[in-house]
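As written, the chain order gives the labels A, B and C, with residue 1 at the start of each chain.
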Amino acid sequence: MRNVQKALVYGLLLVGCVISLLPMVWMVSASLMETGAANQYPPKLFPERVTFEHYRALFTRLNLGRYLLNSAFIATTVTVLSLLINSMAGYAFAKLRFRGRDRTFRFLTLGLVIPVQVSMLPLFLLMREMGLINTYWGVIIPGMASIFGIFLIRQYALSIPDDLIDAARMDGAGEFRIYWSVILPVVRPILATLAIWTFLSTWNDFMWPLIVLSDDSMFTLPVALANLSGERVQDTELMMAGSVLTTLPVMLVFVLLQRYYVEGITMGSVKG
Amino acid sequence: MRADRLRRSAFGSRAVWLLLSATAVLSCSSGRGADDVTTLRFWGMGREGEVVAELMAGFHRENPDIRVRVQQIPWTAAHEKLLTGFVGGAMPDVAQLGNTWIAEFAAINALEPLDAWIARSAELSAGEYFDGIWSTNVVSDTVWGVPWYVDTRVIFYRTDLLSQAGYDSMPRTWDGWVAAMHAVKRIAGPDRYAIFLPTNEWAQPALLGLQNGSTLLNADGTRGAFSEPSFREAFEFYLSLYRDGLAPPMGHYDVANPYQEFGRGFFAMWITGPWNLGEFQRRLPAETQGSWSTAPMPGPDRAENGVSLAGGASLVMYRDTDHPEAAWKLIEYLSRPEQQQRFYELTGSLPARTAAWEGSDLATAPLTRAFWEQLQHVEPLPAVPEIESIMSRLIEHSEASIRGGTSAADALAALDRDTDRMLEKRRWMLGRARERP
Amino acid sequence: MSRAGWYFVAPALVLIGIFFFIPVAGSLLLSLTDFDIYAIADRGNARFVGLRNYADMFGNSVFWIAVRNTFYFALVGGPLTVAASLAAALLINARVVRYKSFFRTIFFIPFVTTLVAVAIVWRYLYHPQYGMLNYALGWFGVAPIDWLGDPRTAMPAIIMLAIWKNFGYNMLIFIAGMQTIPSELYEAAELDGAGAIRQFRHITLPMLAPTFLFVGVITMIGYFQLFAEPYVMTAGGPLRSTTSLVLLMYEEGFRWWRMGAAASVAFILFAIILVWTLVQFRLQREAA
């Protein structure tokens, strides 16, 4: 009975793995196929002849290297800056006493229910006034502080023992010094999670960069890919190569750092 | 340890950030480059946008101090990119603009008026273009664009099916046309049709209305004129084609592969544009190649009234350009008859300049001469910015009649109501402009 | 001490205030005007019109289609995604399974991928002639389906993509929740002769109730904001069958520059999400 159960469970898990991975496998496989090979009947799962011509085309004719750099630059900048800003705010909401602290925090959490699209139109007009349309900063600035990030850090920071902080204060350390040298090392796990989360969502962000960036030299990968797909919908293999290039970096980041990421999510939800 | 790794990675990423931001700052000053090279930004759409880059080599040779950077935008995103670019202040110097959008961009002051440039130019003038096409670029007596390629609708038809029905050429009047369609239908039977009129396209009812003398909107484009007799008669004619079983009550999406259907005789006629010249040759079954041709639109009572839509795209110069002379040179270059000719060969998009037609066999070749004839009788849609929204409403209301049973009078009354509502802002603005000194 | 706290939160508050809350308030204001392309050229061309945008929206058939589509997506896709996540979590958490973290990683990979990229991949998988899905269905004798070209199947196709992409995230949360259930409860139940299904119904489900609420709320909030999939795969078609509220807002605002109308759609969406979230909380509390 137990063996049947085991076989059933493993069987279902295997089916799940196939479903999860098949589109990705086909994506990589089609990107290596010769032009036109992906559009045949019956469809093939693996290429008959492997070719890198589409990747070559993407990097030479279609400038995808530039878009890759753009995505990397923007995602890294947002991650670094937002870690700093969100952790400062999250720590302060958790541990520092100041007037109106809890009321302000409650007001902030209300913002979590507002879909971000509500702000997009006036934000676009505001950025136009500030001359930030079609600039990297126009994409970076809205991502620099996030209510969700502050929430996550505050949640974690609440569990820091007060004695730790008081001891440092009694030693004469200034508030920023305490934050930098005492708090940050302690909240390292949630920082790692937030860093990965921010990097992933900034890299994958589509709607706002689509709206703000009009010069194609500044496109991020998702925007460039959508632009390319509007034109080249017939070139299956080329589009798949573009998709691989867009997805691969974040998948690598995730797979290498997944332990921190998973810890953070499960912690945040269970504590929540 | 983990702390060091994180701190090191934070530090490392900061170094990367500094490096990249330096690169970004440096790259931000693009467009100016060396003092003696002017960089022009050109936005092209669709296939034309892809191909135009090939034409630039010749331009660069002639003008070594100008370099053109072509950016391609898919048609699906073109309208929003153009407007978003305008609002955000990130416009190109020269762009390809569909001529139904010219009124809109002129209304928001995005374009540079070209009258003075054209007057001074030795290379081009209004007389060298099809009249109907040229007038699509004129709004409020100012010329805003130079036509680049043209597009109009003619009838593509199966010559064999038509001759089986007893006709060796397409009739030139509505009555003759309907008689031919009935003859084809009699042979085709209840499961097939004479003509494919996709219910979700506005081109057909619009051009029939224009043929019957309707202007679609009133004189200053502030109210709908769809309930007027000139449009109503044309609309009822359009509906009768479905009612009498001559056209299937289907939209584009209902016919999976129209080329296949045309090939197997599901319908014998199809009102469509020049892009299908190439598509027909590529996609029709082999047996049908050679059994199809094109013919100009029949008119309500005379051949000359068989007008069609004046479509296509123009080259426009944006008002904020820093390099108007260079931009104008590019426009002139792309308008040369040889470049128009070459452009046609590369894209299949018909040249706007009549010299390009006369200098080649386009005006006389069996498949394209229908377009040559038709282009002598084309009319623009009303030049109001809201026209595209109004046309999509036309689709909705005509579908309600074709498939939902609404009477023509009710559908057109509803269309007029919608149109009036959409034009309310325009009425208000024109009213204000009249009040101001 | 009181001041230091403000210095710490100031950067975040300033950024969120200027680049989020103020635009949200601006949206409300915008929705009460007829701000459009004419107003971009000259701000004097914008007029205050009160609630007319909302009235026009409620009279616009495309708006109601978008509402219907958005609810269809959320109310069908949401529960299916949660169910898939629960199933995956149960499988991984089963005692007989080793290499849990391996399976967990694999199931999570779809969530990490870039939506635009996978939407493009799935568009090809859905191809009526050359797509893998129709090919696989062909083995079971199913005729080819024009997934993205048929108005009846386009939204289900997008729902399938959404389930595939998102089930991993909720799965992690369910696993975390399940791991807090004491194993003694299961052991006791087994001694009492309860089978797997009864254990699930009487132990797992009740103990996961708060997790269900959390997962349900965040999934629905996310799904009401459907945009990228229809934008990339179907452009809101065929026949408007995949036009969501956010896609409608995008079209009205950035394609036609009817910004007043677009802002009204955004606020209606906000109201829908708010009401729905409150309803969900209420229902859960009453069920508990």
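By definition in this document, contacts are C-beta pairs under 8 Å (C-beta built on N, C-alpha and C of every residue); 3 or more make two chains touch, one makes a residue touch a chain.
Just so you know, these numbers come straight off a predicted model, no measurement behind them.
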(request) Please state which pair of chains has more C-beta contact pairs than any other pair. (result) A-C
(message) Taking each chain's centre as the mean of its C-alpha atoms, which one ends up farthest from the centre of chain A?
(response) B
(message) Taking the mean of the C-alpha atoms as each chain's centre, how many Å separate chain B from chain C?
(response) 37
(message) Rounded to a whole Å, what is the gap between the Cα centroids of chain A and chain C?
(response) 17
(request) Please compute the C-alpha centroid of chain A, do the same for chain B, then give the distance between them in whole Å. (result) 40
(request) Pull out every residue in chain B that's touching 2 or more other chains. (result) 76, 84, 87
(message) Which positions in chain A are in touch with at least two other chains?
(response) 125, 211, 226, 229
(request) Enumerate the residues of chain C that touch no fewer than two other chains. (result) 254
(message) For a test of understanding, state which residues of chain B touch chain A in their complex under the given definition.
(response) 2-3, 6, 10, 13-14, 16-17, 20-21, 23-24, 27-28, 30, 46, 49-50, 71-77, 81, 84-85, 87-90
(message) For a test of understanding, state which residues of chain A touch chain B in their complex under the given definition.
(response) 69, 72-73, 76-77, 79-80, 83, 124-125, 127-128, 131, 133-136, 185, 188, 191-192, 211-212, 214-217, 226-227, 229-231
(request) Using the touch definition up top, name the residues of chain C that touch chain A in the complex. (result) 1-9, 11-13, 15-16, 18-24, 26-27, 30, 88, 91-92, 94, 96-97, 103-110, 112-118, 120-125, 127, 129-132, 135, 164, 168-169, 172-173, 175-177, 180, 196, 211, 214, 221, 224-225, 227-228, 231-232, 246, 249-250, 253-254, 259, 262-263, 266-267, 269-270, 273-274, 277
(request) Over in the complex, which chain C residues touch chain B? Could you list them? (result) 34, 36-38, 40-41, 45, 47, 61, 128, 146, 149-151, 235, 237-239, 254-257
(request) Under the touch definition given earlier, write down the residues of chain B that touch chain C in their complex. (result) 76, 79-80, 83-84, 86-87, 104, 107-109, 251, 253, 256, 385, 389, 396, 425, 428-429
